[in-house]
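Structure first, commentary second.
Note that the chains take the letters A, B, C, D and E in the order they are written out, and that residue 1 is the start of every chain.
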């Protein structure tokens, strides 16, 4: 982890500090009769401690990409290299917030148990565990629902439990797949700031899939825009906004508006089937 | 303002319905022979069975037999449950193992316990261990198969969650596989419990190890029809009791499961 | 068999009784052993009798052969079958025999009152229930038909447990049933008609079943078996002499209705294994294809 | 690649049986025990016993009754199970009664069945049904109860009629668990085929095995047991083929993210 | 259904044309030990042919409200009256897009079968059914995925299948619970226009739950803002934008900005626990 006294991670300087290296990734889903080339050729690098957003049309293969990086899915071709090692299974110190947040919570456990379980597995001492669980649930605004079961919660609340679980885990690689899709605008803004502060505090590397273009620009140091399926990288947009961001000022910067409309145009291009030469 | 739920009458409690059902059965058994639908000499009316039962219940032998039966049944079932669940989780969790053992399991499952009786007797004589062997053999498969199907039911997203947080294999089994399989295991328990009881009785009946089954055999060969049915009623009631217990356990252990949730929600 | 005098109860003079485990079927036939126990004949021989019940040969024969029990009770046809397959067993005492009186035996073939079947010969071409196929009851029924001049070849035997037979007869599922007591008495009470006494028709006083042990037990526990034999013979004799005691003891180990015991026809309890009966049974077994060659009966009954 | 895969699969499937047979062979080779004859003797008896007229007179009628009983049980179990699983009142009313009957052993139940169904093939089929129906019934009940709420709400909100809700939602949704029950019932059916032939029979596979047992034809009896096992394997293979077709969606769903 | 030759439904004139009447609705979830008063007192009316958006903090009870209206959930108190009749079960001619879109698709059916099934139930003749299915799948951009099973699709694609199913059904009451949460920005815009055109074409009454404030203002004739749980109506905001809307011009109207910041403030109020006097 990059210890950074200023609390502001530096942009990557060279490829040698690459945390994550996706090389020529290709994924074809084989089914009876139906074979889908979801991802054709993805190559990009993420430096340690970077926060990268990924956007792309629905069905572009963002989830597929994340699963490959997480070591949950075997690629058809190409490879994913994490901290110099080829990914063959879930690496240690990684947390994933799944798009299917509802199904990723264990219905037989309470909210607290769900958040606490990975910490137990990580052998975090009891009182620290307690504190982490408490803090993360408070951070997502669910301190009161600790003893409820996931199926007693609304969709947005479930999603926040999944986020709390990932946050409490203190990963150094955090993969989030549309993690704020089910929460209201205000909560969303709060959670965005939560992710940014977590990232700054712990120096965690974050890959963040989202459909909200404003969100991608507000959060990321880079936004990778994917093409339509079969997917390639359409453009890797560096976000040259000041590192210190806040909901009001950052979003009202002219540069913000420029970037967001640029990304929006890219998405429109992607949806209309445009592919890089 | 009236409650919107006013239109809905809440159904009577389950135990009341259950008693009503059993009462209906009693009514049929009482009336069928009286109305001449069946010959009362071969299926006596319920009242005759009840009288015979009362007579039996006054003897120490009856209670001794009941105890023997319950003991043999519980021991056999416990062994079958533990073995079935443990092996089921292992075999179901390791696909190559499953592929390797599939045909063997399918070969062994349909071997009827009655065919094994001489072998059991050869090994253990006519005491309760012979019967125990049959009980375990028969109920083990029921539990095992249920567990295998239960393990298959794990939600892939839940499994991936566990994998991504690098749960150790044992933790994965404990926190993901086991709860998913639990409803199947409960059904396996209920199936196994009845099969174990049936084999316990059959074993006692044929091998002659002590218990209710032997009493039934004696009654049968003596042509004491009412006494025999009285004992059968006892066996049936054991089955009913076990199910009540299983359901109660289920309501606690599966509180999170849709089936129980729906029941509790009303 | 001479009086094996037993003033000193064998080796266990100290009152320490040696256990002997006997596996029987809880039916009328084994009343003498219960009587003998009651009368203390076994204790007098220094034996502590332990009776276990089973439903048939499937459990009894392996138990005896493996030495799990010392003595078993079985019908002679079964034992002939076992011996012919090479099972090392030996008959040690007789058990029951037919009364030898036609129409007044403890087993017989019964039809419904209105049945056109009047004699054993009429059974040809009919459906007859016996409790086990290819065993003593169907071979003797065939013998009975042959004796009456009927065609024994085209009888259809069906296997039914004794307790289920009368119901099947009532429903017309079968035309006749071969039953033993207490079902015979029940049948008569129901108004059914006995058309043949198959045991009587087979031989004058057919020996039907007896007590047996395994070769190994016979040599390894020779003394025990000797004492058992002595006590058993005493019991058989006592049973023959005290039919009322037999009827009484039935209430103890069976669930036969007390009102019925008086009307039961008791079998005889011989004290000698009737070699001639066994030869007859062996011949029938071969004739009906149960065995391919007659076993050496001297090995079975030394 | 595909061929190699198939080869590996076959090897995996055969390894354990081959090992077990070898172990059995060795363990009994020199044995003198009357009840544990050498495997070679059993196999010799197998050919003599079953590759003969007996196949037509005993094995086929048994298999016919088995199939009839099994199918009857599956239909009855699914029908009753759906009804009981969908209605809480019905479940409360019937469950104790069903549990009562479930606990009654066949040696006791069969005589009662004979009172109503006589002693013919009908009775034997009924005996098979009476044993096979339980796993199907219980699993169906539980499967129906466990249906996803959102899915049944969807069906309700589109006002799907009772019939199509049954066909398109309840039966399909409970399918995986019904399959578990039906699979259980298969081997129970074989066992009950044997048991049913212990009563009032004069032919059949089970009857023959029991006859062998009673007449101490031990190698023949063992060959019969082996035949039962083989029947079990054959039926379960057929079952799995059907299951794989009907539950293709389920296999896909449950392994969707796992495979590459 | 309001036949409207201009294609632009009129605003409701009086309460007598009310399609939907929610009166003092209250819902308390009773659980072992945990009893949650999700909705305390909701009263509002929706006229026939109206398009009403509902926004509110995560966990406010929007889904609960929708389920009560759909007749899928019994209220604890109060009542829902639909076209003059009290709702006791799902009324005819209603379509619902559930928040848990993934779980609302039949996994044993293909995409096409999923969309077609309700039409079969409605006894729509075969060729018309074909056309409706085809059209609606094309409208959501899934014409190619017809023969796939839902679990072979990405999250956004699944959600679009659920939308297609509702659209093909041609309901006269359409309830949508965050129906566009899982799709990309461009697709979202397209789907918004799809809903509006459907609404105008068929005169269907729409209740639309969303977390996207822009979306609620862009789509609705009214936006009902709910308070925090236990829920009451915080404000019923009429959207006085021209009936003819399009993504570019409408969103750049000053009035649009005003309305959206008004709704946003309301949400912030709601989240901070403010309740109407």
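Following the convention adopted for this analysis, contacts are C-beta pairs under 8 Å (C-beta built on N, C-alpha and C of every residue); 3 or more make two chains touch, one makes a residue touch a chain.
From a predicted model like this one, the values you see are computed outputs, not experimental measurements.
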item: Chains touching both chain A and chain D, listed by label; value: B, E
item: Intersection of the contact lists for chain C and chain D; value: B
item: Among all chain pairs, the one with the most C-beta contacts; value: B-D
item: Centroid comparison with chain E (C-alpha atoms), farthest chain; value: C
item: Inter-centroid spacing, chain D versus chain B (mean Cα positions, whole Å); value: 17
item: Centre-to-centre distance between chain C and chain A (centres being mean Cα positions), rounded to whole Å; value: 84
item: Cα-centroid distance, chain D relative to chain E, in whole angstrom; value: 49
item: Shared-contact residues (touching 2 or more other chains) in chain E; value: 31, 100, 103, 152
item: Junction residues of chain D, two or more chains touched; value: 35, 111, 115, 148, 198, 213, 252-253, 256-257
item: For chain B, residues that touch 2 or more chains besides their own; value: 39, 42, 114, 118-119, 122, 155, 157, 160, 205-206, 228, 257, 261
item: Chain D residues within the chain C interface of the complex; value: 34-35, 111, 114-115, 118-120, 198-202, 207, 211, 213-218
item: Residue ranges of chain A touching chain E (in the complex, touch as defined); value: 29, 31, 33-34, 36, 55-63, 99-100, 102-103, 147-148, 152-157, 160, 178, 181-188, 211-213, 264, 267-268, 271
item: Of all residues in chain B, those that touch chain A in their complex; value: 155, 157-158, 160-161, 163-168, 171, 175-176, 179, 182, 256-257, 261
item: Residues of chain A that touch chain B when the two form their complex; value: 67, 70-72, 89-90, 92, 94-96, 98, 100, 103-104, 106-109, 117-118, 121, 149, 151, 169
item: Chain C - residues contacting chain D, complex; value: 56-58, 61-62, 65-66, 78, 81-82, 85-87, 129, 132-135, 156-161, 163-164, 167-168, 171, 173-174, 290
